[in-house]
Amino acid sequence: MTRAAFPVGTAAASAAYLLENLTKILAVDRSKEIVESVTILTSAKKLFVYGVGRSGLAARAFAMRMVQLGIDCYFIGETITPVVNDGDAVLIVSNTGSTMSAIQVANIARRVGAKVISVTGHPASKLAHASNVVLLIQSNGDAIQSRLAPLNTLFEDATVLLLDGVVAQVMEKLGQTEADMRGRHAIMV
Amino acid sequence: MTRAAFPVGTAAASAAYLLENLTKILAVDRSKEIVESVTILTSAKKLFVYGVGRSGLAARAFAMRMVQLGIDCYFIGETITPVVNDGDAVLIVSNTGSTMSAIQVANIARRVGAKVISVTGHPASKLAHASNVVLLIQSNGDAIQSRLAPLNTLFEDATVLLLDGVVAQVMEKLGQTEADMRGRHAIMV
Amino acid sequence: MTRAAFPVGTAAASAAYLLENLTKILAVDRSKEIVESVTILTSAKKLFVYGVGRSGLAARAFAMRMVQLGIDCYFIGETITPVVNDGDAVLIVSNTGSTMSAIQVANIARRVGAKVISVTGHPASKLAHASNVVLLIQSNGDAIQSRLAPLNTLFEDATVLLLDGVVAQVMEKLGQTEADMRGRHAIMV
Amino acid sequence: MTRAAFPVGTAAASAAYLLENLTKILAVDRSKEIVESVTILTSAKKLFVYGVGRSGLAARAFAMRMVQLGIDCYFIGETITPVVNDGDAVLIVSNTGSTMSAIQVANIARRVGAKVISVTGHPASKLAHASNVVLLIQSNGDAIQSRLAPLNTLFEDATVLLLDGVVAQVMEKLGQTEADMRGRHAIMV
């Protein structure tokens, strides 16, 4: 892909910028952490996901796929979330790793004996310290980024793609097909 | 980017597959439709967004940025959504373009005189027919896709990136900076 | 209770009006329908609840208690809702019984062999017709109501109290204590 | 109302118990605090509401009515919540008054110059201390309560009715009719 091939306009320039940087971010080798994450995700009694703002939306998109893969999965803060127990796992998305509720969820989870996977941009954050596995996504800002991918856009979009990759690996490990997933698709009205 | 450069494992293969196909999808020239969309988005009295499932999450991610850009924007179905009126605009995300509630939202919006922008995979769908502007995202499935990007993953992820591009173009048109957006960032607890 | 005993002001007059009318509404004998509902709720493989607007909030309040009682319960439309199957049950709240998505949920549920309980104000509605059990809440409007309990306030508040009564009966049937429920209380951050 | 008049069964006994206790709770004179709250609610530039769990549902039910009364109102934590500023107001529901995020919202609001109204069961709580006005709802538990109105049921249901009373008083103060409110009713699909 070259940016020259892209259509004109700021929207197209932004899409090209995102793709270029997402490619760099996702080319980082996280295979060890992903194998560990997939082991935790597929052996947990219950899986919980959490995140605030756009990070929370990326977490929800992942949770929907986990449900379609037959995993008992909940989003913390929604109506019907049960309590986290020993043997469960929690996946938390937070770029800074310092959102207060994210740290609190991680600490409560660890205290009861649940495993914590975090997707974060800061390996030295309180969230990273409270995690069993850290999926690190570092997206350094520059002048162009503030115009073409403002705020945490790169982190959030990289999280969506990274976790969609994790979905594929969980799918493979559980021997699930797309048809199996479609069969568990929720009513959409 | 070459897929050979990517780390091993199904997750990495999926990320590479997504990036390769997202690049193809986003290289399609939609500059005319994006200009029309940005005009509607920036001149509407109120902006509403809607979508179901993972499409709804992509729509929400867009809505959060619109609020940060100072646009009066609501997600239909959440607690505090006001009524849609003449002079407003609605952006609806639906791959099939046949989700019943999405069509109903579009029809109600048109009836009261609001403009409709749709992000859809089907140009002949009822949703596309009810729209003033269609942002078309076509993602044909093959055998690999069902394993590396199951169900509507490509459509959904392309929508996230396409709409993040629209954010950049709205930002430019309104003369907004990243600092302006940060200043309107919601309380995150 | 006499309204004379109440403090002055429109808020107090409204509270008194609500209590007076809720007492009338809840004194109607629904014991047969409640026994049938509790049998369905406690024997379903999975329980789903649904409602739109303030009716949806009443439905969510009920769903939270079902989860605390150990019932596998979901709110349709939230992130992690699985598919409805044979042997499941759906509880739907809609005053008019004609909200399109509510009828659609009921019809899909019946088609797959799930039982439907509705809380509605209209026994001849499409929703009521699609239901195995109807919990009827009729709240006739008058001139005072439009001032002290506007729109569907009485229906919605009566639904909250009626379903809290159903919670107590489910609790008794399952031999659950308040301490059991507290032990299943979700993380609140 | 006498409980003897009620139909048999635990659900009916629970409804009767709720009505009896809600009547006691709502007969407490809060006219001064309600007048102060209504002044704040109707003079705020923007209104925010917040609460977690079933308290959050009661807060959402109130927010929906505020929107229908033409007040610019948001639920903190939903997709499109803007930032809280000087001149705004926040209404927070928390029985204990010690939920961490509720206290944090109150503190942030006060810091920027926004007014805080709390609905709480604990006048000495951190939340109450951070509030400009406290609407106190005290619901002492006994052995019957744990069986007929487990956990915070009485507090939550009293909050719904108390705030519906506040809706009526705001409606009166703003000279709004039920028809005005219906005209601002959101699309329900």
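Residue numbering begins at 1 within each chain, and the chains themselves are lettered A, B, C and D in the order written.
Assume contacts are C-beta pairs under 8 Å (C-beta built on N, C-alpha and C of every residue); 3 or more make two chains touch, one makes a residue touch a chain.
None of these values were measured; they are calculated from a predicted model.
Q: So chain A and chain C: same face meeting same face, with over half the numbers shared, or different?
A: Homomeric contact, same residues on both sides for the most part.
Q: Given the two chain pairs B-C and C-D, which is bridged by the higher number of C-beta pairs in contact?
A: C-D
Q: Where the centres are mean C-alpha positions, what is the separation of chain B from chain C, in Å?
A: 34
Q: Averaging only over C-alpha atoms, locate the centres of chain C and chain D and give their separation in whole Å.
A: Chain centroid spacing, chain C to chain D, equals 19 Å.
Q: Which parts of chain B, given as residue numbers and ranges, touch two or more other chains?
A: 52, 60, 64, 77, 100-101, 104, 185-186, 189, in rising order.
Q: Quick check: in the complex, which residue numbers of chain D touch chain A?
A: Against chain A, chain D makes touches at 52, 77, 100-101, 104.
Q: Under the touch definition given earlier, write down the residues of chain D that touch chain B in their complex.
A: Touching chain B: residues 60, 63-64, 66-67, 73-84, 100-101, 104-105, 108, 183-187, 189 of chain D.
Q: Considering the complex alone, what residue numbers of chain A touch chain B?
A: Those in contact with chain B are residues 1, 5-16, 18-19, 22-23, 26-31, 34-35, 38, 52-54, 57, 60-61, 64-65, 68, 99-101, 146-151, 153, 156-157, 160-162, 164-169, 171-172, 177-178, 181-182, 185-186, 188-189.
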